[in-house]
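Structures for review follow.
Two complexes come next, and they have one chain in common, chain A, joined by chain B in the first and chain C in the second.
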Partner chain A sequence: MFSADLFTSFIQYVVLGLMLGGVYALAAMGLALLFGVANLINFAHGEYIMLAMYMTYVVSLGFIQDPVLSPIVTVPVFFLIGVLTYLGVFKRLVTAPPLSQIAATVGILVLLRNLALTIWAAEPKAPPYTVFATSVSLGPLTIPLDKLVATVVSIAALLILYFFLERSRLGVAMRAAADDVEAVSLMGVDTNRLFLVTTGISMALVGLSGSLVMTFQAVTPTSGLLFGLLTWAIVALAGLGTVRGILVSAIIFGVADSLASGIWDPRGREIFLYGLFILILWVRPKGLFGRR
Partner chain B sequence: MFRQKSALAKSTALILVAVIVIAAVAAVGIFTIGLPGAQQTPQLSEVRVGLVEPLSGAYAVFGNEAKQAAELIAEEINAAGGIKNLGGAKIRLFIEDSKSSADGARLAAEKLVNVDRVNVIIGAFISAHTLTMLDVTEPKKIVVMADALVDYLTARGFKYIVRLPPKASVHGATAVDFAVGVFQKNNQKIQRPVIVHFDGLFGEVTADGIYTRLRDLGIRPVDRIKYPTDITDMAPIIERIKAANPDIVFAVPYYADSIILAKAVKSLGLKVQFIAGAGGTGLADPETIKAAGDATELMTNTYSYDPFLPTEYNKQLVQKFQSRYGKLPTEAAGIIFYTLWTLKEALEVAGKTNPNNPLDGDSLMAALMSLDLQSGPAAETYPAGRIRLAPNGDNIYAQAVVLQVQNGKPVLVYPFEKATNSVIFPRP
Partner chain C sequence: MRRGLVFPVTAGAFAAVLPLTLGLNDYYVFLVTLIMLYTTIVVAWQLIGGLGGQLDLGAGAYHGLGAILTGYLMVYHGISGWVGLIVGGVAAAGVAFIIGYPSFRFGIREVWYALSSLALVLILQKIFLLWTDVAGPLERYIPYAEFDPIFMRSGYKTFYYYVTLALLAVTFIIVHQVRRNKLGLYLQSIRDNEEAAEMLGVDVRKYKLLALMVYSFIAALTGGIYASMVGFYHPILFDSWISIQTVTLSIAGGLGSFWGPPITSIILLTVQEYLRITLGAVIIGLHQVIFGVILIFIILFKPDGLGPLLDTVALRLGLISKASKRA
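On to the complex of A and B.
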């Protein structure tokens, strides 16, 4: 009886972890895409997620009421923010040495964090309601609806991205650029435009993930720190390459997070996660699915 | 005979001289210290008060509220004529940002002591940060009035520290006393408590307070779960609580984690009779209620300040604070309210008892120790209504209050005899 209970608990934690991983995957995808295609190291990625979380909060409170519906606003707005960021900053960075990339994106990080502190002060903010703040029972398992919705939307977005990269001309060009920018450029692809769209898509993904995270999270001006580190670790574990790699890597993080919290000690999460992280990278230095 | 007479006259003369000398000394003494009006009131233009708070970084939410409160109270004291026994000296605030770090707090204290030459420092909200300030202030005999709660601050033998709010373990014990009382009123006994808390020092000490009080009552917690403050997801923890099948959950949340906790309790449908928070910030904060909506309904939390304390001055102050800053003053502001007013009272005493050197660390400390405030703004904003310091610098009458979220508003439910509303129990 006891072991059956334990087994149920174990499955419960795995299920919760899978869902969390789905959400993490989307958060990391924007970073991986920008890094992979444009070779751009965006240290402000976590801060953009934080900004998306705040926008979700504002939009939910202002006129949509439910954070689940807020992507209607955050996705296009963040695509636009991506385009503007590219034109304003990233365009000059693509060919710049890594040190300039770090300096510029860390600059954006500091700017966004303090901007958030000025506008929204330091109190944690969150939209108070979502119709999905309840759960369904699946046999002995409890499935929280807010996270289920977030996971389903997240996986759907990743699928769309996957098919876009596999099937569309632009997507193929992106993947090609990830392998060899010069060759792509010689083939007559306008890399400038390609990177512009890539940044736009990367940010649109950030917008969406910020909205989904807000169904169960709260945002403060330092939230970016947390998501920055997390998404970087996911990308590093996956290695640069595939959408699938990001998803698997994010799920490993999600499940490890959940199991550590549930069975051992929530504080062990970091030891467990980053221990696993070091182990995998030791065995496969390019990451689980890395091509370079 | 003549000789005898002469001896008598001699001794009489001696006595006379002695009496005259003693009378003269006494007269001079009375003239200088005893007679009202004859005493010189020190004429100071200002008292330099340092305030170290986390104004940026992770804990900025608390620091900024404390700063607002300090500015408001300093303004009130100055508008009412400053420190009368120091010749109407004005309170001048020197505000420094600890940047939410221990190093930042130490640097801030160094600047305040060496550059701004402050007479006293209030701060630094986080106990570990306050501790680093004491390394700077103790050798210079600068009094620190701490608004940080971890027990050790007043237990390490520092000479120039006082702390008015209830310490962390008192918060923990208060949550237990309150919950035991609530269960008793409903003819029940706590049997299967679970403690869940963030893993910072403050979380540990507060949770230890809960644990110890439960143990003293012969109750053993069925699980104690610690989590990191920057936790992303509470769902596994809620599932773990469910598995423990508790009759009450004691929580020590800090900050954004209280919102995440409340939301996860709701979305995962945790069924437990009662959820009692401890530790001054968390489940019944107006900001938490705003962000977590009805998920916080009927949750309780202990606080070092009660914004609903029904004294004349407190009502008026809360209204003033609200109209100026657009929000209810909570923990961080409340502690500053009574701390700064207590400082004012101590300065009045120091001006009288040690007019030559009223702002000296020893004189200020002696003045603080001599206080027994039962009326006036400090007492009227303090939960227990009385401030008197023990030799270690803690308030003997330290008391935490419990607020419960009822219909989306925090209301006072403990101490029972002062409660404005009765506790709603159990949770649906």
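On to the complex of A and C.
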């Protein structure tokens, strides 16, 4: 039976889901970039996002006040964390078999997750409210401003990344490396440096998305697991293709997430999302826009 | 006595009298039993992971399923835990089949297999969290009995110690037998090169599925024993940490090595429990930070794990035979 109320709330959840999708796309982009360009499996991606969320908490509690401004700190710091991770761990893993990559990054996962538990304990932590923590009404719909800001910044960052990959020399080298590392290396590109920069950019994106997520969410040491699986699911659906592919599949997951928690039960959203993930693997192992 | 039996028999004899050396202190016996339960999962994981090369992160799902079903039958139907163990084991093997069959059918491997098995842990956890008739958000307590071996409930932890010891021994024997016969060779061929194995006529899907089901059955038994020992169950027992711990200990111990993973597991878990007792009260989680660092170092500087090292030492000392060093 058709009900106007139900329809409105359905549209409301779809709109919220679209916005969530924009943020998820940014969160997954770093993972897709690292996996696509350097062929590195980062099992600890979610844990890095969690770390970025905690850093946002600390920074905005300490001296910036508003979490919206925290990327000023988290982005450069995470670029540096990326560089250090590459030099310390990933550099040795580039040519290693997938199993070793998974094992070593699971080690990082264990380390980061428990480091967070050690430092911040298990209770959820949230930064102070941003000035955008209100909402505007748009006809029958309610648009939360904090989520809107997060979405707009995410999409803007993805656009910049898109033009970087399309236009700049480094971006072209990255895309070429995604297709054929050996050929790129023969063309005189220093792949070691290329992967170093890729890891840095991947982590800078993680830093930004962690900050944006924190504007409307709290963080616990297990947040990493949730974001890890979610971002891997998005990459699975997108199939390692392009920025556009990641955006489309992130929006599908964002809408699915929003509808599942809005119309069914917030506790059941993970059943829905991860069930979708497993189904995607079964039905479309190469993803929607797959290249490999 | 055959040389190959010296080490297992010595270790078994030591394990058999261990509770007495601990003065039957319930707390210490509990900790040792816990270490042995997790080691049992590590040994069983060798079937799918060490031999078959599939990085399965579903241990927490099967462990949790065994715990919940055993506990549920004990609490609501007064059915003995022994029956519950079998029911849990069969259910876990069933779930493993339902998930494993399409996964192997569609050729899901490496990181994707690892992720989908990890997703299974969280899916089951949430399903049972929402299923309030069976598990729900509250802990369910198993009726207390001072000593009731038929119901599989005991106030003395030593009881669970010997149950776990028996399970560990049986698991060792199963894995050892699998390694020696054709199934083990098939699994190793899949691990080393799946395409080549398939081309040579190995039924890849069937053997992977078989290994997965045996492993999930054993993991469910550890869950049932755990629930009865701690006296309650809760969906939190679908614990992704058990999955991660199992895989990390196995890799640190050396994939494909027979004694490496269990010995590494016993050593590292003992260190972990010791650190938990001494440091855990001061700084929560610190012991596992150390754990993570150890793992990263092992993978980076000793990618084969500690297994080959331990095997060589054991061989030199004449504790094991050459046969069990194979692969």
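Rule of thumb we're sticking to: the second predicted complex is superposed on the first by the 269 of 292 C-alpha atoms of A that agree within 3 Å, B and C clash if a C-alpha of one lies under 4 Å from a C-alpha of the other, contacts with A are read in each partner's own complex, and residues count from 1 in each chain.
Simple rule for what comes next: a residue touches a chain if its C-beta (ideal position, glycine included) is under 8 Å from a C-beta of that chain, and two chains touch if they have at least 3 such contacts.
Computed from a predicted structure; not experimentally measured.
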Report task. Pick one for A:T220: touches chain B only (first), chain C only (second), both, or neither. Result -> first
Query raised in the report: Once the shared chain is lined up, is A:L159 touching chain B (first), chain C (second), both, or neither of them?
Result: neither
Query raised in the report: Which partner does A:L117 contact after superposing on A: first (chain B), second (chain C), both, neither?
Result: both
Query raised in the report: Of the two partner chains, chain B (first) and chain C (second), which one does A:G262 touch, if any: first, second, both, or neither?
Result: first
Query raised in the report: In the superposed arrangement, which partner chain does A:A126 touch: chain B (first), chain C (second), both, or neither?
Result: first
Report task. Using the touch definition from the top, say if A:G107 reaches chain B (first), chain C (second), both or neither. Result -> second
**Report entry** Contacts of A:F43 with chain B and chain C, given as first, second, both or neither
**Finding:** second
Requested in this report: Using the superposition on chain A described above, determine whether A:P144 touches chain B (first), chain C (second), both, or neither.
Outcome: first
Query raised in the report: Thinking of the overlay built on chain A, is A:E270 touched by chain B (first), by chain C (second), by both, or by neither?
Result: both
Query - Footprint overlap on chain A, where chain B in one structure and chain C in the other make contact - result: 114, 117, 121-122, 221, 225, 265, 267, 270
Report summary line: In the complex, chain B touches chain A at residues 56-61, 63-64, 199, 225-228, 230-237, 239-240, 242-243, 255-256, 259-260, 263-264, 266-269, 287-288, 290-295
Report summary line: As the complex stands, chain A meets chain C at residues 41, 43, 89, 92, 96, 98-100, 102-104, 106-118, 121-122, 221, 225, 229, 232-233, 236, 265, 267-268, 270-271, 274-275, 277-278, 281-283, 285
**Report entry** chain A contact footprint on chain C (complex, rising order)
**Finding:** 53, 55, 99, 102-103, 106-108, 110-112, 114-116, 118-120, 122-123, 126-127, 129-130, 240, 244, 247-248, 251, 255, 283-286, 288-289, 291-293, 295-296, 299-300, 303
Query raised in the report: For the complex, which residues does chain A have touching chain B?
Result: 5, 9, 12-13, 16-17, 20, 114, 117, 121-129, 132-135, 142, 144-147, 216-223, 225-226, 230, 257-259, 261-262, 265-267, 269-270
